[in-house]
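The letters A, B, C and D name the chains in turn, as written, and every chain counts its residues from 1.
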Amino acid sequence: MDHNLLLKWTTQRQLSIPTLLLKHYSELGLKENELVALLHVQSFIEDGDGFPTPELLSERMTLSMNDCAQMLGQLIRKGFLTLDKKWDEQGILFEYYTLEPLWIRLIQLLKGEQINSEEQQKESNEG
Amino acid sequence: MDHNLLLKWTTQRQLSIPTLLLKHYSELGLKENELVALLHVQSFIEDGDGFPTPELLSERMTLSMNDCAQMLGQLIRKGFLTLDKKWDEQGILFEYYTLEPLWIRLIQLLKGEQINSEEQQKESNEG
Amino acid sequence: MDHNLLLKWTTQRQLSIPTLLLKHYSELGLKENELVALLHVQSFIEDGDGFPTPELLSERMTLSMNDCAQMLGQLIRKGFLTLDKKWDEQGILFEYYTLEPLWIRLIQLLKGEQINSEEQQKESNEG
Amino acid sequence: MDHNLLLKWTTQRQLSIPTLLLKHYSELGLKENELVALLHVQSFIEDGDGFPTPELLSERMTLSMNDCAQMLGQLIRKGFLTLDKKWDEQGILFEYYTLEPLWIRLIQLLKGEQINSEEQQKESNEG
């Protein structure tokens, strides 16, 4: 591996995925396509681009620009992604995505599972 | 968030994905389904299970066990995944997956792109 | 970079550190030496070794085995690390470290800061 | 855990450390203090601040501003950190750190170890 490629590899970022997301996304009603789209959005956010366009997404995915646009809309409607607005330092309004609703729903799912397992535990103890 | 859930969240593992994979998997010929399957395999390996069954995969994915089995076979045939064998300390032969071929192909792709961009650079300088 | 080294690099694990820990460890009363020791312990745990010895730690750190032993003891006494016990499948009792108390203390610190900043917010609104 | 704190935790970044760095920094001649300083610099870079001041570092470390300034200077002289210059889009020259020399030295160390172990292998085969 030559020098430039070596530096490209060693200085690249890593995207960290919570394994609880990997274990439970299908229970949340997410398909693999949608999970990957969310990972792309997260990766763009971490690179400083909070509002990646469907075009940018489709360059990285096997989906067309139209399919990416539809999927983003669907992720918002299904409550996994939110589009927020903010004023920057120059007083310009800009939009950005956040994955906050995804994390809240994942936590809620885990909370429900925990309550269920505690109740089963209790029942089997009482039974 | 109660105590147990808090600990579950803070002590969970993170799966690190090289962003170069995220940017280039589609150029390698991988679909989103296949990328996620590879991430699951990697996650199982890091948890100490080097040979996750199609059944285990299908519990986490939106695909059936049969579809997972077919996809694993295809990932091996297409050269993204290898099934290796090793003797453990008790002299028992066991099989395990490695994603080594995936990384090698990704590096080769990047190498090719670099050579192309260097040649274009050279041509535009000479032109 | 030759083939074996390339594979060694691309297949290595990444240790994920929550940036909130990086930002607040000194407020928790941790020194850099101690932070690194905790990262080593976490890394051993993720590699399947839940109870790394002072000797193993000192091989990776610039500290002697004695200093590592003392530091582990101090991290336990100061409440950042716990030594737990478990029976494995063969009925053998084994000890393992967990960083749970570290995460609980970090969350408590963040909770305190949030309450403070909310109170200041309130006061400045009322003032 | 209340809602805001929960979001703060789940949306924080993770800093990924290659475990090969964790295993070999002391062989490279880095002390724990210096390793943590490099992790802070990396974390600032990933947050979009390529040139963190000694003051910013000392707010996160247990070291004074002067000690942080000295350590940054030493990390540059010892060849683990480089200060580079670039023009931004507005034609303003700005300075930024890169950890490229650290990764190059780590790779060189691993290369050396591999050659040594291959030679020993060869000798023991020939012997």
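Throughout what follows, a contact is a pair of C-beta atoms (placed from the backbone, for glycine too) under 8 Å apart; a residue touches a chain by one contact, two chains touch by 3 or more.
If you're wondering where the values come from, they're calculated on a predicted model, not measured in any experiment.
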When you check each chain against subunit A and subunit C, which touch both of them?
B, D
Can you check which chain pair, C-D or A-D, has more C-beta pairs in contact?
C-D
Please identify which of A-D, A-C or B-D repeats the interface of B-C; the criterion is that more than half of the contact pairs agree.
A-D
Need the CA-centroid distance for the pair subunit A / subunit D, whole Å please.
28
Express in whole angstrom the distance between the two chain centres, defined as the mean CA positions of subunit C and subunit D.
18
Each of the following residues of subunit A touches two or more other chains, namely 1, 6, 9-10, 13-14, 16, 18, 107
Taking the touch definition from the header, please name the shape of the chain graph: line, ring, star, complete or other.
complete
If we count contacts the way the header does, which residues on subunit A are in touch with subunit B in the complex?
1-2, 4-5, 8-9, 12-20, 22-23, 26, 31-33, 35-36, 39-40, 43, 60-63, 107, 110-111, 114
Can you check the complex and tell me which residues of subunit C touch subunit A?
1, 6, 9-10, 14, 16
How about subunit A: which of its residues touch subunit D in the complex?
6-7, 10-11, 13-14, 16, 18, 46, 48, 98-100, 103-104, 107
